[in-house]
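Let me begin by presenting the structure, written as structure tokens, before commenting on it.
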Amino acid sequence: MQEKIRVAIVGAAGYAGEELLRLLSRHPLADIRVITSRQNAGKDIADVFPRLSGTGLKFSMPDVREIAASCDVAFLALPHGLAHEFAEPLMQAGCVVIDISADFRLRSVEQYKKYYKVDHPAPELLKSAVYGLPERYREQIRHADLIACPGCYVTSVLLPTTAVLAAGLAKPDGIVVCSMSGVTGAGRKVDLPYIFPECNESVRAYGVAGHRHLPEMEQELAVAAGVPSLSMNFIPHLVPANRGIQSTIILNPAEKCSTEAVAQAFADAYGTERFIRILPPSKLPDTKHVTMTNMCEIGFTFDEHTGKLLLFSCIDNLTKGASGQAVQNFNIRFNLGETTGLL
Amino acid sequence: MQEKIRVAIVGAAGYAGEELLRLLSRHPLADIRVITSRQNAGKDIADVFPRLSGTGLKFSMPDVREIAASCDVAFLALPHGLAHEFAEPLMQAGCVVIDISADFRLRSVEQYKKYYKVDHPAPELLKSAVYGLPERYREQIRHADLIACPGCYVTSVLLPTTAVLAAGLAKPDGIVVCSMSGVTGAGRKVDLPYIFPECNESVRAYGVAGHRHLPEMEQELAVAAGVPSLSMNFIPHLVPANRGIQSTIILNPAEKCSTEAVAQAFADAYGTERFIRILPPSKLPDTKHVTMTNMCEIGFTFDEHTGKLLLFSCIDNLTKGASGQAVQNFNIRFNLGETTGLL
Amino acid sequence: MQEKIRVAIVGAAGYAGEELLRLLSRHPLADIRVITSRQNAGKDIADVFPRLSGTGLKFSMPDVREIAASCDVAFLALPHGLAHEFAEPLMQAGCVVIDISADFRLRSVEQYKKYYKVDHPAPELLKSAVYGLPERYREQIRHADLIACPGCYVTSVLLPTTAVLAAGLAKPDGIVVCSMSGVTGAGRKVDLPYIFPECNESVRAYGVAGHRHLPEMEQELAVAAGVPSLSMNFIPHLVPANRGIQSTIILNPAEKCSTEAVAQAFADAYGTERFIRILPPSKLPDTKHVTMTNMCEIGFTFDEHTGKLLLFSCIDNLTKGASGQAVQNFNIRFNLGETTGLL
Amino acid sequence: MQEKIRVAIVGAAGYAGEELLRLLSRHPLADIRVITSRQNAGKDIADVFPRLSGTGLKFSMPDVREIAASCDVAFLALPHGLAHEFAEPLMQAGCVVIDISADFRLRSVEQYKKYYKVDHPAPELLKSAVYGLPERYREQIRHADLIACPGCYVTSVLLPTTAVLAAGLAKPDGIVVCSMSGVTGAGRKVDLPYIFPECNESVRAYGVAGHRHLPEMEQELAVAAGVPSLSMNFIPHLVPANRGIQSTIILNPAEKCSTEAVAQAFADAYGTERFIRILPPSKLPDTKHVTMTNMCEIGFTFDEHTGKLLLFSCIDNLTKGASGQAVQNFNIRFNLGETTGLL
């Protein structure tokens, strides 16, 4: 029988933290040893997340030494700018770090500064970081000590789009993405725009001046397209739902593009992937088919009318878009069976 | 004191009909004489729309002769393909017809057939029809006997986009529109995809193979751009709200385009319009700012990063997108003061 | 032509304030002169409530002298404990005060202290205060200088229940009320329990240890029943909707109670009321029939199985439950026609 | 290693069927062999429930002989009146039947006829039926061949109330229950009152003339109280959520009742139950704490003000209220570990 991996969750009181707790508490090979929250230190989990009270866990103040001593892996679910305070010493102590924040996703410190408005706090760690999108970086993840899990919107865009770009079926220029997210995407944030009556019966675009997920999409789509860089439009919208992201992606097709070629590219790229479901050309994805799961549902249409290639994807922003993908990375890194605890 | 205009509402039991009833029942210069519904003939309005029970109205079977004899104007809120049965005889009897259906919006019977899958039932009436978008066709509406009110999505797209195209600030090629609509946009339709648990906590694209509002957008955007025709992408999405449409429009700017030029174009086009609110460049519209009103809220951003021009608009699909606009047309046609009953 | 009444709205930046602005800005006999908000002083209304931007109003710091000098009436939409600071000087200056807060609803300062945990700040004003439930206190409201508008839950309970108690058809003991409210009932409050993901897909009871609306219900139900006092159960619940209260009221019937007798009592009490709709015994009210209106919809059932009398009512918590009723009181007090601006 | 139990799900295309599929498809000891749906026979599960497409299942026409030959247990998720057609022959063939319909819940055929308006179709089977509420009938369930799973509302009421009645802490007379349910409680029903715009922003009571869950509550509460029968008020309400029932129960306490005594009674009754969470007296349950789980969360308050005992409970109507409880019964019956597949 396989020994359990000892786990810490740092910053466990937000929605991504709650989702990590939900998934890891029923994971047969994870042993949650430490959950931290500055604000809730000392509280029983039942006081913060009643639905997890069966786990009997208790929040503590984050303590690097304690985590290093007692855990094999630390999941960091912190606001950006803070992850390195834990990542660096934990890695030195031999602890694997799986970061859900944005701090190690961008390879360029200039881009980080441009979009996050601060200097990157630990540029030397960027070399170690592996981008945690298993469907594209699985082999590197197996050996990574620092895994930077992709942003939620980014995941929903990369999964359909990289496959098509990598197959040479679309051009890297002129990419337009419109995404719609449920409100947990904003985090467990207590702010006027997120109270119920301000979100219910409301649809609105936001962040169009340069959302922080934009440079991350551009970085990874450029890699997939084999170009040094690209510029694209990413327009996020907030809709009155708890969970789920729907992304609509408009691409300029390459010459050899066709409905059949796209279907084939997806089959080649994702035929054996357990967390991707490619729909037949007549169907479109729906967030309700994926919420509370680690699945990404993908649809596509070659639009004869305008000659554009349209891709559609749905994920749960907290699962495949954050904590589910983090657990998937955990499974890969510790060789536990990629779907363990996720089906 | 002005005499009241005698009004019939044909097909009054759907959501557009209900909204017409809501608006016209409090309109100081409208006298609702007849409301028809085959399915609800004989019923008191209180049995179908309790919130309107104060009006004391009763549904009857539609009867062209009765309407012609007792009314000055008939609002038609019927499914497509049926409006001409009423429009033709009523117009002959001297009754003004304000049609909310799709039957007289497209000038091309070929396009009608392509998108509605039937021959146009009354092509000879198309000559008389005026497209009922007051902000662009106000003068023609003043003298029209048949007013074809625009589709809901179409209204949300035309108001921001025609102003920019007409001012020569954007190119007519490569237009991409992503819209999100509340569920009343589907009508009062009793069908599995529209029951509550199938719509709540769900976001999905649909109709991407060629939504019926697409040719209507293309027709009117070509007029505004001064080109014979254009092709564009229109991708509608269904979101869990009752009312409201948010449209995000991505345009290729013309050379002389700039943030200031767009602001000026909107000021020129809509400076005196009572139902359009242009936001400052730092703000974006929200459906909750316009629901239950006849307003269209418009925002815009010139995206330096990609060089695209982004427009955003919000309307209430049942008000400015249907019945409110119909009442606005009614006010113009009968010279009642354009905002009467709508503020 | 009647002269317009000059109006101030003090504390206009909450949901009740917004609803007052919505109603009074289209009221033909109200002239809004002053709207105050400490937090938003200096801001255009468009920055706080974009849907009201057509009014051209601007928030100012509250200034009693300015209001007294320029207004005939002041609506107070403040948290409890603050109203007297305005009420007292404004009344002395001859200004009518219509208070939406809780400060002048309870006749007993003991009850006020028990439920609001502070001494009543102006007990001497209580004598002047008239309880602003028009359907029961219309005559007193005509001459009142200080009108204390009822709480939202209270309105939904009093309208059906007082009629039955006053007619001697139910006993004052053992009254049980379960109410469900939309989230605007909590005010525009930025607090974790009210962010979207905490309210959506959630139903919960709260305030069962003694909600502040309980003593107010007991006070007025005792008056209607002609008893010195009574004790009852009031159990509020929060449901994922913006607006609307549904109250279910379980009563012990008096001996002469019957379905017919209740129907008659309602007809007698409310036959000429414009804002009350009594449903036939086979129907039950629905919040969606009354939202955005000043109506109260009432249903009832005499339950043969247990011998209980069940009453059901629905109102919009912000309209009949707060600001609409305040405007109704304003209309009565200034003799403007009770339904002016409310239909 | 334990052999898997071979399972059939009859009537698998409704929401209870979908939930059974969700739970059993990840149950380590269940092997789903047959899923039937007259309407969807021949379809892949991916066409009806995309989120379950990973199971690779296919709907077939219901065929008793095939089920009897290939399965150890059949879950029946059919409308009332049909279950016996499967139950009788399957039981004769040695197949255990777990029925989610209402057909075998009531011991009295008179009550069945009164509330379901038809003669009971198989009164002889009632003797064999065990009421499938594990927390009260666990021992009988272990040996039952026909398990009648309780109604959703009933489960939410019985769990808190039977414990208190059985402990002699409340009187069986004058029980009042107000419950609020999400819309999946109405089934996957395509009917006007259940389309999104009719449920969203709506709260309404219904079924007050005698909901079908009422006699079932009365039957089981009488058993717990040790009285031959009792009459109570049960008032269900529909709220705009997908899942979840909140029940508020008002009881007349017995003389020895106190907060401590109730806490003790719950500890005694449910201290070792894995699917019941008793909250401390200061907290109240919330449906969002239990949705997508098999938990029942219970709160309580002894109201000093009126001397009533108030109980509050939340369940997921499709899980503990239907399919989760069915799986719990399955686990008990086949000795699989009561929580298997449910945590």
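Each chain carries a letter (A, B, C and D) given by its place in the written order, and its residues are counted from 1.
Everything below uses one rule, namely that a contact is a pair of C-beta atoms (placed from the backbone, for glycine too) under 8 Å apart; a residue touches a chain by one contact, two chains touch by 3 or more.
Owing to the predicted nature of the structure, the values given are computational and were not obtained by experimental measurement.
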{"item": "Which of B-C and C-D has more C-beta pairs touching across its chains", "value": "C-D"}
{"item": "Maximum centroid distance from chain B, chain identifier (CA atoms)", "value": "D"}
{"item": "Distance from chain D to chain B - Cα centre to Cα centre, in angstrom", "value": "47"}
{"item": "Cα-centroid distance, chain B relative to chain C, in whole angstrom", "value": "37"}
{"item": "Averaged-CA centre spacing for the pair chain D and chain C, given as whole angstrom", "value": "39"}
{"item": "Residues of chain D touching at least two other chains", "value": "182, 198, 200-201, 240-242, 286, 288"}
{"item": "Residue ranges of chain A in contact with chain B within the complex", "value": "174, 176, 178, 180, 182, 198, 200-206, 208-210, 214, 231-233, 235, 237, 239-246, 248, 250, 284-288, 291, 299, 301, 303, 305-306, 308, 310, 312, 314"}
{"item": "Complex interface listing, chain A residues touching chain D", "value": "26, 50-51, 53-54, 201, 274, 277, 279, 286, 288-290, 292-293, 295, 297, 343"}
{"item": "Partner chain A, residues of chain C touching it in the complex", "value": "15, 182-184, 188-192, 194-201, 240-242"}
